[in-house]
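Attaching a single structure in structure tokens format; questions to follow.
Every chain is named by a letter (A, B, C and D) in the order it is written, and numbering of its residues begins at 1.
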Amino acid sequence: MSKTKKGLFEGVVSFNKQIGERFYRLGLRFKGEAGKAFAGLVPGQFAEFDISTAGLPACGEIPDDLRDSARRELLLRRPFSFCNVEIDGDEVEVEILYCVVGAGTIRMTTLAAGDIISVVGPLGNGFSVPESKSTALLVVGGMGAPPILHLAKVLKEKHPEIETVGFVGAKSAVDFPLEEIQGQSKDALKSMSDFELNGVTWQVASDEGDIGHKGFVTEKLEEWLGSCDAQKDTIIIYSCGPAGMLRNTAAIAERHGVDCQVSMEQMMACGIGLCQSCAIECKGDGGTEYKLCCKDGPVFDSRDVVFKV
Amino acid sequence: MSKTKKGLFEGVVSFNKQIGERFYRLGLRFKGEAGKAFAGLVPGQFAEFDISTAGLPACGEIPDDLRDSARRELLLRRPFSFCNVEIDGDEVEVEILYCVVGAGTIRMTTLAAGDIISVVGPLGNGFSVPESKSTALLVVGGMGAPPILHLAKVLKEKHPEIETVGFVGAKSAVDFPLEEIQGQSKDALKSMSDFELNGVTWQVASDEGDIGHKGFVTEKLEEWLGSCDAQKDTIIIYSCGPAGMLRNTAAIAERHGVDCQVSMEQMMACGIGLCQSCAIECKGDGGTEYKLCCKDGPVFDSRDVVFKV
Amino acid sequence: MSDAVDISVEFAGLKLANPVFTVSGTCGYGDELSDFMDVGSLGGFVTKSITAEPRKGNATPRIVETDAGMLNAIGLANIGLEKFIEEKIGVLEKLKTSVFVNVAGQAIEEYVQVTEKLASEKAISGIELNISCPNVKKGGISFGTDPALILEITSAVKKACGNKVLMVKLTPTVTDISVTARAAVEGGADALSLVNTFTAMSIDIETGKAVLANKTGGLSGPAIKPIAVYLVNKVYNEVAKDAGIPILGMGGIRTASDAIEFMIAGASAVGVGTANFIEPGCAVKIIEGIKGYCRRKGTGKVSDLVGTLG
Amino acid sequence: MSDAVDISVEFAGLKLANPVFTVSGTCGYGDELSDFMDVGSLGGFVTKSITAEPRKGNATPRIVETDAGMLNAIGLANIGLEKFIEEKIGVLEKLKTSVFVNVAGQAIEEYVQVTEKLASEKAISGIELNISCPNVKKGGISFGTDPALILEITSAVKKACGNKVLMVKLTPTVTDISVTARAAVEGGADALSLVNTFTAMSIDIETGKAVLANKTGGLSGPAIKPIAVYLVNKVYNEVAKDAGIPILGMGGIRTASDAIEFMIAGASAVGVGTANFIEPGCAVKIIEGIKGYCRRKGTGKVSDLVGTLG
């Protein structure tokens, strides 16, 4: 997967669709130079969006818990990964999947088709596929879904020889940022242990057990690894999700001697290596050193990361 | 004209229409308590609008001279007078006429039908009609049009016995915030010396002479007063516009011994008498004193005001 | 956990219904806000600065908006002590909230004289000593930045204020606010309020002149909030906590969350200033919001939040 | 009037192509911005703070957004002097702009030692002395607030910096910035830069803890602009003008209009900091905008704007 030159571009909103209480999918179209840049986007790369130009929803439409923070004036851009990229002749349509959690994402919900927003990207290093692998295990926790969904699709298209198995978990059914789950009845959820998406079968787990396995998604991963006969060095794990889940995933990978790439998150001011805010503690020569999530990551080899939580 | 209780209300945008390069008309509908409050709005009263919830237009649509200031984060409300009030059963529709001059008004242009905005009003004291008057002279300079247009309509409806004559001036034709003028061809403008609006005939003047009389609108006013036979105490002047024009109008009124009410502008932080920012120097006992534009005005008897410009 | 939340606070011996004040220069003399809220539901109310003689204030423009803030240079415009007592004390009495009168002056004698007159007014719970307004000078140094002067003026006013609570309002524009805070406490302050505005300037590049007629003005609003929270925390940790002196924290408070930040930082009560201009009545929402937060968090008494920064 | 506008400026003896810098800690070591702009078109470039030894910096979170501003507590994370000279000087040399290296330290000796090494590097036009970072302490008082220490450290570094321009960066959090500015000038500063960030704090009310791992951080961005403009004007009027010392003005600059405000207030050059994060490349737009303004206003030389506040 090749990397393209980053830049400051304008994208045109093609859709902005609510898919769950707090979840939305936003489409953006790029042309010209921007199109060229984003056509080469690698799953796991991200971009920085300027949402300060968007309006606020009416007061009554703002969730109670965000009412106080919603009015904060936005200064910084917001980083988002992508869950899909479609190349359509000269144009490229990218898609992000976002969760409404604060001042920026609440404004994002008012973006409408035709609105123009400023985007800096594509940024960072995405997932890579080492030569020797024949099995890819995709492990998602909650809002970690977007880059892994994108990766699933790219693996299916560009590496059909690789067997791809998906694992996805969250607190409870409402916390899956997926239309495939948000659309279902309680009963359907109850009996759902896996589902198909982007050509992959995903095993499901939830802390509350209202969907799939009751417990951590990493338990399903461990179970799978325990019962598989393949050479461990032909397997690779790709994971994105909350810090605790990534730590568990990394520990499992370590235990089974399996390669693992994790996509990390950190508060970012710039996304392009200027501010040093997004430090991730990594193992270094005879100690630890900080690497930059935005520039050296967000995807890291799990063996390099010093997990904190 | 009776005054109603002010309050903090929500209005629903009913339209937002561009009527000139920098001019827009915005309609707002109020229901319930808000409707009751605004049904009693007196011409010359104003309200404070919270526009911080509106989005910014795309960068390319922002006029060059506003590009730097447009991104300023809005904190304060913005004061606007009204050019029309329509009562429609339980609902009231008010209309404002605004000019895009800065960070707030540029955001205002993105408001669309259905958007909800927060309004504090109606505020201040509007124009009043003393018993003894049989002639009203309406004198408008540029963006002073809205409250005087509203007044013209109310005079026609509620005081048909009063003869009403209008005078309107601006720098050049493009500076009249009126559809009646913005719609016309250069040739039509050239030959236009007056026009009808809200039941009143308006004589036109422009500094550049590309429409109507070449010169100040106050010259037309003075001409009219010089050639009229009516008792001077039966005449009243109502004026709104730039400070220099109001000063001239007040001087003419003084010279001719005619009553005159002027609607003043001042930078306002609150609009409701809390901050003391909107001081207007007035004549007081044995000196001058500051009155508040928002609470004691914006309409003042021109004899009370100490004009500065 | 029971739903009962006690949001009353003890503040320098006063029992306040809740910790929320509206603060000096942003809420008039009490009548202007009553169209928008029940002013009596406030924990406390601080009047516009009062001086011995009436002051017209500065020429206009007196305000200008900046990013997430505003500058003001009102110039202590006020009706003067005499007219204040005649016309406004009655209004304030009816408010049914604890009223602090903000006192300003050009010289120590003026502060003392105004305070003495006010000390006998039943309607008033306390005096807020404004030694942090950029217009008040003595020997070229404004009162609020010189610890020795702060000590002197606070002691003098303390003697004049009888049984009224004496609150001293600090300026944020000092190298070390713990020094000025300590001087006020040593002078006998019963409470501290902070922050006043930051001296600042906005220039109109078309005219090449300052926007404000007074050239400089005081910056207030959300822009200054993080600095104010830090300063409240510093004064709490280094001075107020040990001295047992409550802080009225302010600077950019617009929501209950903002108010709670200040309380966690060390403020026993919080002041709403600029936000009154944007949403008159927001103080009532803030009171409700604080109550809701305590209920959700299982905080039995709101004062348990004060100075809990972990 | 001719269209020709001269936007070059003389800055402490350096001839700069234009008055726009990108400033310390917000533009990396020069290579990071080059995807977005021609860094060589800048008037000047100030590197991230360099210390004698490499520093890992603080734990995360290191930043948090506030209203129209942000707090940072990076903790002077940097690769250290040795690696800087090895790996970065070459990059900087290719930039074709005037490069200032921002020097920080724990003690006067460290400042001197780092400066001495840098003094012999051809790629460097000047040293920016960072005595305004909240992490650098001596005897409990940070260097930047004590005039005697400022004098001492400036004189010591001046001796070490050979023919490089010595610029001293001032903190805004002092009672009277003219005092610290004067100390720097007396110590031999060739230029002053201001402002550095304001110490501030943001509290997460859900956890009851400060958002930043370091608890406090420095406030930057548009929120502080009006204070910074005021302080630049004060230093210009009270110190720099008579001393003939140029000011690099910064704090919240995001547009050409902002930059022009600082120049009218008294800055000979202007620095773009936080805005680089939001619109990398905005410095180039600011240069163009300044040129356009001068053309429109008939200002033949951009330096004619400096200190013209009416």
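Methods note: a residue touches a chain if its C-beta (ideal position, glycine included) is under 8 Å from a C-beta of that chain, and two chains touch if they have at least 3 such contacts.
If you're wondering where the values come from, they're calculated on a predicted model, not measured in any experiment.
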{"item": "Neighbouring chains shared between chain B and chain D, ordered by label", "value": "A, C"}
{"item": "Any chain that touches chain D and chain A", "value": "B, C"}
{"item": "Greatest separation from chain A - chain, by CA centre", "value": "B"}
{"item": "Centre-of-Cα separation between chain B and chain A, whole angstrom", "value": "53"}
{"item": "Inter-chain centre distance, chain B versus chain C - centres from mean C-alpha coordinates, in Å", "value": "37"}
{"item": "Centroid distance [mean C-alpha coordinates] between chain C and chain A, Å", "value": "47"}
{"item": "Multi-chain contact residues (two or more partners), chain B", "value": "71-75, 118"}
{"item": "Contacts with two or more other chains, residues of chain D listed in rising order", "value": "66-69, 221-222, 257"}
{"item": "Arrangement of touching chains [line / ring / star / complete / other]", "value": "complete"}
{"item": "Chain A contact footprint on chain D (complex, rising order)", "value": "25-28, 32-33, 35-36, 48, 56-57, 60-70, 72, 74, 77, 221-222, 274, 276-281"}
{"item": "Contact set on chain A toward chain B in their complex", "value": "10, 52-56, 58-60, 71, 73-75, 110, 115-116, 118"}
{"item": "Footprint of chain D on chain A - complex, ascending", "value": "5-8, 50, 72-77, 103, 118, 120, 266-280, 288-290, 295"}
{"item": "Complex contacts: residues of chain D adjacent to chain C", "value": "66-69, 71, 145, 173-176, 198-203, 205, 207-210, 216, 219, 221-227, 229-230, 233, 252, 257, 260-261, 264-265, 293, 308-310"}
{"item": "Contacting residues of chain D [partner chain B, same complex]", "value": "67-68, 222, 254-258, 289"}
